[in-house]
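In what comes next, subunit A is part of two complexes: it sits with subunit B in the first one and with subunit C in the second one.
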Partner chain A sequence: MMRMLVAYMVVALFMFPLYYWGTTAFKNAKEIFNTPPNVWTFSPTVRNFEEVFGISLGFFRQQEVLPGGGNFYMAPRLWDTIVVALGSTVLSIIVATLAAYGLSRMNFRGRHAFVGWVLSTRMMPPVAVAIPMFFIYKNVGLMDSYLGIILIHAVMNLPLAVLLLKSFFDDIPKDIDECALIDGATRWTIFRRIVLPMAKGGVAATAVLCFIFSWTEFIFVLTLTQTGLKTVPVVSSSFVTSTGTAWGNMAALGVAATAPAFLFILLVQKQLVRGLTLGSLKE
Partner chain B sequence: MTARANRLRWLVSGESAFPWLAPLIAMLVVFTIYPLVYNVWLSFHEYAPFKRRVEPVGLDNWSALLSDDRFWDSISVTFTYFSAMLIVQVVLGMAIALLLDSEQRGFGLLRALLTLTLVIPPAITGMMFLLIEDPEFGVLTWILERVGILDGTNPILATGSTALLGVMLADVWQWTPFMVLIFMAGLRSLPSEPYEAAMLDGATSWQTFRRITLPLMGKVIAVAVLIRGIDLFRIFDYMFVMTSGGPGTSTYTLSLYAWQQTFSFIKWGYGATISLVSLILILIIANLFILVSKVRW
Partner chain C sequence: MASVEYQGLVKNFGSIEVIRDLSLTVEEGEFVVLLGASGCGKTTLLRMTAGLEEISGGDLFIGGKRMNEVHPRDRNIAMVFQNYALYPTMKVFENIAFSLQISKVRASEVRRRVEEAAAILNLSEYLDRYPRELSGGQRQRVAMGRAMVRNAQVFLFDEPLSNLDAKLRAHMRVEIRQLHGRLGTTTIYVTHDQIEAMTMADKIVLMREGQIEQVGTPDDLFDSPRTRFAADFIGSPSMNFLEGSIEESDGHAYFRSPGLRLSVPDKMAENNSVTAGLRPTDLVIEDSGPLVGDVILSEKTGADVNLHVRTESGPIIVTVSKEMSVLAGDNIRLTINPEKLHLFDNPNGVSLRSN
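After this line comes the complex of A and B, so read on.
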């Protein structure tokens, strides 16, 4: 009982910043800037969401002027984030399922070293890739483009996707492939018709993680975009202006942008630890 | 049966893994090897603002590192952050994992709630803590002033001695649950026999933890430390949105310093050089760790 109480208190402590941020999205400026901070008492308003997404939700209308006051219309930025995350996830999964099948099923000299190389690309500091990519993208005209960001996010997620999918494919007995081979099936058919369907839970979990990591990525988008697209994490710093910070608007965008990710992560609870450890620990 | 086995061997013998790996290899070569080569090239060049072009400077960028105090500061900040965060998060993560490791009803919900912090973009986490630690209306500032730790004259993130702590708080909040989840999975997969034996021998719970749980959890801890360590070493987002490296150099990490040299101070080559140092250090540390801990994929 005592343990239960402590456990709840610890988790409540971790949930507090989420609660505070979530409620900030529903506060007006006066309540946000109040001292002592209004933690529990405020009159909820959806004005922040209306301003950020340019929609009218109709109720709780209030007309205080927010500091930083200008136009924080962010609906297109949410769209950018979705396009980039979806595009890079699809690309990662296509490339990674193929590679993971090869690594899981075929023996070749240097396979271990190859896996090590894939893993080592995961160790590269993003800044060491972002700096040269800035100049490369400028030269080839990929700056500020969906394609450019989708490609770099896909590459960023490849080590995770390859290693994780390999671990899911390794769980499927090789005998199945071998029987099918003897019966005249090609590797491609086996991959498409047998292994992929059997590993579909694992593929889905991998896709969710790729999506989340692209959704939350910061430095590549910061570096490789200028005036065109911008994703939610990068645009969040633009709420800080010389006349003040539009906390309410920023929190509203943050809440709208993290809610779907919350849903996704709850869907993959079972494979989460395996995913976070790049397939090396199984639950 | 031998006929089938022979046939299988014949079928498999001519196979090549290359077609399966080709797209992966192509993408990794174009987006990691090529940038790396470009970065090395860049580190021997520098942008000359008055001539508006990039010129070769030989080893200048590399030798400049030696006498650049801000670079050494950023090395020290990076290592301080890296080691402090690893220790705090492993210890705290283990404590919370032991606390939550229970079959009782309700604990599943707590575990699920803890996963939520992992999906928030770190840049937005930074903003959350910027609000919480705001010197005027931040809730943490208010609490710390009530209990007398702060006196209202030293804003957390604008004071040299506390700024890094303020940033660390965001990291601890967001990533301790990462450790908790991994450790909980590890705890659940432990065999029960050693614990029964320990109970019969009348071992205390600390002895049981120290002599049984910790050794059995070795691999799990090593994997968690490796993955978290890699991310900690290249930390960027929190500092970028919370402090921009300041005040002074108190929150300048290698990644942030490299980025700012290239893009804020237009020293393209020097920034590239610093980012290479960061790359070399992380590759050495991570591979040494893999070698010693025998973590395998």
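After this line comes the complex of A and C, so read on.
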């Protein structure tokens, strides 16, 4: 009984901010600032969403179409975020699976030092890298482009992705590779037809981590973009204006931005659970 | 089918020598068992044959062709691994067909050969299953099916039965042996289990510390072990060893040990430090026998009883039929036919009998 109570309390502790933030998106400005706050009772409105996405949800409420746009028009930003997160995840996974397989199975000079090198790239705080990156991007012409942001996110994700995938590959018995080798398979065939399908769960788990990282990354998008694209974490800060903070709009964007990430995780969830437990279950 | 020949083979892992100057010929169609304790280099030798380990020195010939640097896929061998190494994401059919598919054999031909192998191995109704849905014995058969469809020149088996329970292991021994009889493919089979070696091999290669201790038919190894190690390794329960000397008196040679004098063939020279080897099955209970001891334990194995006997010369085990009702605590006398007595020189352990 006590345990149940504690469990519920912990869940409540984590869920309440989400609930409060989610409901804020459906409150009008006055209700947001009520004291005491209207936690459970308020008159829901979709106005915040209409403003943020420049659309009219008139079928919810009889009202004229809002003039779409202004500072708060965020629909393209949501699209930017999706492109960047998917692009960098795909790129990370392609490079990381190949690198991880090599690290797991092949012998080459410096293989053991490799893990140290890979990790060392993550030891610096991103801010320390951001300024040099700004100048590099400016000169190379990657500034303010999808490719630039996808690249930097992939680069940031690679170390973790490679190490994670390497551990998944390490869990697959080498005998299987050797058996396939004798069966006449090339390394590439072994990778594509045998090892990769076996590590599906691990790949999914890694993809989720990469996706979430890119989805929430702030500092590089802030420094390496100007007007061409912006992702949700960065544009969220634009709701803080000289005339006040648009809490309702910010919450609306946040709620909308959760949906794609949620959807992505839902899609790979089946693989994910297996991936996270892979290795503990040896056949 | 092809012969396999090793000439002065050497394998080093860093500074550790695992195979030392090993030479051996496996004839075409022969079923050879590499037998030895773990760490004796038998699996390394098999992996070198397959091309999974580099050869540090010496030569390997398969079918008369030097294979040292040939890639595993070009050696035309098939290997069955200890853990089967089945591809878990493929069904049984695809597992067996994999090697044919990647070598671009026509689909109809693939189907024909897989179905043929499956029929031989009683796997026909399991072709649509995944390996995880099969029992241990079935997985073992899939692994063999994978080897069979290849028409390989040589089959390599790396302790294929060690993951099975005792009953299934005995059954699979027969199946593998029958399969060999049917296909006649040259086979090299690695095991640490001397019963497997004895029951399956045309020729046993007993290995010890990276070298060959003795090569011969199962009977050779059982009846005339060349060293004490070989004598100890083969046979269950193992041979009894008694320390003593060979002495001559009134024209006959005897093995002497505290409280014991056994006749040995007269041609034996005097020797003051030898080890006598007595197989538990060769010892006979006889009222006038020279070896006296107390039974401290009797172990039933079904048809036979293993008696653990304490003698003045040391503990020994005797295997007798269960009709001989001997109980723990009994005092018994034992004898052995001099022809069945094995004698080994100390300390090098080389047999003094014959050759």
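Definition applied: the second predicted complex is superposed on the first by the 246 of 283 C-alpha atoms of A that agree within 3 Å, B and C clash if a C-alpha of one lies under 4 Å from a C-alpha of the other, contacts with A are read in each partner's own complex, and residues count from 1 in each chain.
In this section, a contact is a pair of C-beta atoms (placed from the backbone, for glycine too) under 8 Å apart; a residue touches a chain by one contact, two chains touch by 3 or more.
Since we're looking at a predicted model, the values are computed, not measured.
Undergrad: Does the subunit A-based superposition show subunit B and subunit C clashing or fitting?
TA: These partners clash in the superposed model.
Undergrad: Looking at subunit A, does subunit B or subunit C touch a larger number of its residues?
TA: With both complexes superposed on chain A, more residues of subunit A are touched by B.
Undergrad: Could you say whether A:Gly110 touches subunit B, subunit C, both of them, or neither, answering first, second, both or neither?
TA: The answer is neither, since A:Gly110 touches no partner chain.
Undergrad: Which partner does A:Met124 reach: the first (subunit B), the second (subunit C), both, or neither?
TA: first
Undergrad: Looking at A:Glu178 after the superposition, I want to know if it touches subunit B, subunit C, both of them or none. Which is it: first, second, both, neither?
TA: In the superposed model, A:Glu178 contacts both subunit B and subunit C.
Undergrad: Between 7-15, 25-33, 43-51 or 277-285, work out which stretch of subunit C sticks into subunit B after superposition.
TA: With the two structures superposed, the offending stretch of subunit C is 43-51.
Undergrad: Take the contacts of subunit A with subunit B and those with subunit C, and give the residues found in both.
TA: Common interface on subunit A, subunit B vs subunit C: 178, 181-182, 283.
Undergrad: In the complex of these two chains, what residues of subunit A are touching subunit B?
TA: 3-4, 6-8, 10-11, 14-15, 17-18, 20-21, 24, 32-37, 39, 94-96, 98-99, 101-103, 106, 108, 111, 114-136, 151-152, 154-155, 158, 162-163, 178, 181-182, 187, 212, 215-219, 222-223, 232-234, 236-237, 239, 247, 250-251, 254, 257-258, 261-262, 264-266, 269, 272-273, 276-281, 283
Undergrad: What part of subunit C is in contact with subunit A in the complex they form?
TA: 50-52, 72-73, 75, 77-79, 81-83, 85-89, 98-99, 102-103, 132, 146, 150
Undergrad: Quick one: which bits of subunit B touch subunit A in the complex? Just the residue numbers, please.
TA: 4, 7-8, 11-12, 15-21, 23-24, 27-28, 31-32, 34-36, 38-39, 42, 96, 99-100, 102, 104, 106-107, 110-124, 127-129, 131-132, 136-139, 142, 173, 176-178, 181-182, 184-186, 188-189, 220, 223-224, 227, 230, 233-234, 236-237, 240-241, 254-256, 258-259, 262-263, 268, 271-272, 275-276, 278-279, 282-283, 286-287, 295-297
Undergrad: What does subunit A use to touch subunit C in their complex?
TA: For this pair, the touching residues of subunit A are 173, 175-176, 178-185, 189, 194, 197-198, 200, 283.
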